[in-house]
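Two complexes follow with subunit A in common, the first pairing it with subunit B and the second with subunit C.
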Partner chain A sequence: MSTLKLDLENYKELLQEYITTKDEQALYQAEQFSKHSMQQNISPEEIINVHIQSLQEIYPDMPEYIQTSMNFLLETMISYGLAYQEYQTLREKQLELKSEISVAANMQKTLLSTVKPDIDELDVGALSVPAKQMNGDYHHFVHDNKGGLGIAVADVIGKGVPAALCMSMIKYSMDSFSEMQTDPSVILGSLNRVVERNVDASMFITMFYGLYNNNNHTFTYASAGHEPGFYYHKDKDEFEEIDAPGLVLGVSPEITYTQYEKQVEKGDMIVLLTDGVTECRTGDRFIEQEEVLHVIKQYSHLPAQGIVDQVYKHFERLQDFHLRDDFTLIILRRNV
Partner chain B sequence: MDFQSCVNIQKEWDIVGARQLGRDISRKIGFGTVDQARIATAISELARNIYLYAGTGKVCFETLEDMNKKGIRIVAMDEGPGIQDISQVMEDGFTTSGGLGAGLPGVKRLMDEFDIISHVGEGTEIKVVKWLR
Partner chain C sequence: MNLSIDVTKNDGVANVMLGGEVDAFTAPQLKETLLPLTKEQDVVEVNLQDVNYMDSTGLGVFISALKATKEHDSTLRLIHMQDRVYRLFKITGLTEIMNIDSTVQGGM
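Right, the complex of A and B next:
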């Protein structure tokens, strides 16, 4: 098949061929012709114009009313042509935005990157996957100078770019805190003041902060309205909710957070997450909390990272590989 | 500026008058069917803006002719409220999102040259040109 150009001759030939043969072949070529015209940004009114001219040449005696009616048709196409051109421009703009966001997402990845700790006493698994390009979840590991491991998990209510900007601020505030002071209640109290001063009142941030002491295996924690985590008792093969009441960050400047402590036994697990895990949906149904725990149990023979990865895979499939919310899951298990 | 002819815009019917006059002038200059239709659509849009947002105003036409090219200039003038943020109305998808027409970006696309001056509280003047090819 020859290459098609939007010229009168070509269109006229195709039209003439179709009028005489009524052949599918000519219609297929008309399809090619229209695709090619779109690539060249040809507006619909121009195609109609070519049609009118072709008719005039094929039928020099064409009745005037046909000519007039074709002009009428052409007139009605002008606005469609404009809408088509606008669509092209908007599409280009969208691509531009997309590439800007992906640059920003990469920057965010670097900014918020955290190194998963490698300690003998504790097996750690962590995974955070954004629903869109930018992540509104945040998790961070901090080693203090007393042999403790600090774990922060946070979630901005909301997704996308605004949530991600907010998270970068949280990360910087945390970096500025002294390494001497790692009490979860103090850290949440300080962050609360930062958020209250700097973030719009319509934006809510929840955070769970825990400190694992490698020397005596205690887990100290406090929560600012964050999704409750779970504690797995190896001896009883049972999960227990880690409930720590506390107000979300930024609501009021003077809030004190209560700190709780738990003795961690060998083989016990601490599960920290964001609501992207517990509120994952299948169709119209939210999954039950038990379902998350059931899946964790199912893979509990694996190392912590293995469990986390498998749980993610399970819910990713359940949601048809399309996350509705940012997904963050952290599992800590005492080894020795 | 010396205009051949102007149409006062006071009621919706005047939009049709402006289209008609613009089309006649375009045809005389030698514009083909497609360009005539585009020019008429641009006139519609300009006249409709006057009718909707300023209440009254006028659309004027001028034949341009120099050594090697011919064209038409259309100037739409009103003493309406003016446009606060011109960048915003020139943005794609701003006025068209409700599906209510081509908006000023559409007028710009339909023509070859586009210029707008607007002062809040004083009025708006939009000049557009289309050249014969």
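Right, the complex of A and C next:
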């Protein structure tokens, strides 16, 4: 209480000084006083109370109606005081939530982490950047025991925390699948049943699953409504859309997925992405597919990781360094 | 950007006229309108002629509406979709399981 007492003296002096001199310096001091009061959690009605007491001391014969009007003001301010307290509590809670989310985001990073494969036959570049704290995109590399590399790229619809939780479910389901069974169509079919049973009606997941066979350089793939990737033919210097129709995961339990196969030649590239890449907008303008391909081509002399990094930098610049959606891009290129 | 939603009901058929963008901000509002209609009406027809942008959250609303029609034995129909929006339904395979008017605005 002693600090408040001191402040009362202080306030009275300031008030008196201002009334007599109308000096701006006193106003500045008043501002400091209110800042200091806020730090001490002093409510607005307490300040008014201090004001009333100061007035009484400065003007002992203050008219009664002024005194009464001051009390009236005091009552009026009480609700503001309560609102201010509530604001303080909310602020504390928000800080708490923020730190919890950042813990969760770190856990997610650990849970969903995947190691970019290091194989002689294949040059791999991968980048995934979340727009907010938690990533709704997912990509994963799996080695099977037959010299194959499985690549999953997925996008959970809905963003933020629910999407991230859903992603963890996908990751665990995939881990539980047998290593023998790596057919993309089978994997998508199994995941579809898991998602359909376990997520809310308005949530769904798009996924592209590909299997690269290092022995004969074939790429087998299937897609569950995922943004189409691209295939780059080195000999023709041309991109081709990887068209693999299929329904998104989680909508209908009876769906089967068709599997496709491609022979990959030396220098050919497979480009996999999420719609954060093709759906990015600069102002009101959408980025067209051709633009993405153009940028990839521009950097195609670089190693796969270099291309991926440069494409990201390009679109980050275009969007003023503010991502609207999670961004995931993977490039595979046959080396030998 | 906002979304305008106009509903006219006539003899078991609800016509829903949408205008603007269906995204994460406007999707909840659309869901609130659309889902009850699938229960109380036999046919829900959504006109998307003035919808120039839809993101995946918007798709989610139509998927839950489709699931709701199956539950309540009603029908959902989407008409006059713009190219960009149609592309989204096409990629996600939803054109195969949804009743979407093939006379797409602006031609495919």
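Criterion: the second predicted complex is superposed on the first by the 328 of 336 C-alpha atoms of A that agree within 3 Å, B and C clash if a C-alpha of one lies under 4 Å from a C-alpha of the other, contacts with A are read in each partner's own complex, and residues count from 1 in each chain.
Keep this in mind: a contact is a pair of C-beta atoms (placed from the backbone, for glycine too) under 8 Å apart; a residue touches a chain by one contact, two chains touch by 3 or more.
All values reported here derive from a predicted model rather than from experimental measurement.
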{"item": "Touched partner set for A:E46, first subunit B, second subunit C, both or neither", "value": "first"}
{"item": "Partner chain(s) touched by A:P162 [first = subunit B, second = subunit C, both, neither]", "value": "neither"}
{"item": "Touching partner for A:E227 - first (subunit B), second (subunit C), both, neither", "value": "second"}
{"item": "Residues of subunit A touched, compared between subunit B and subunit C (which is higher)", "value": "C"}
{"item": "Touched partner set for A:E75, first subunit B, second subunit C, both or neither", "value": "first"}
{"item": "Touching partner for A:G267 - first (subunit B), second (subunit C), both, neither", "value": "neither"}
{"item": "First, second, both or neither for A:G306, with subunit B first and subunit C second", "value": "neither"}
{"item": "Complex contacts: residues of subunit A adjacent to subunit B", "value": "45-46, 49, 52, 71, 74-75, 78-79, 82-83, 85-86, 89-90, 93"}
{"item": "List of subunit C residues in touch with subunit A within their complex", "value": "24, 31, 55-57, 59-61, 63-64, 66-68, 84, 91-94, 96-97"}
{"item": "Subunit C-facing residues of subunit A, complex", "value": "155, 157-159, 200-204, 206, 224-228, 245-248, 251-252, 275, 279, 286"}
{"item": "Contacting residues of subunit B [partner subunit A, same complex]", "value": "32-34, 37-38, 40-41, 92-93, 96, 101-102, 105-106, 109-110"}
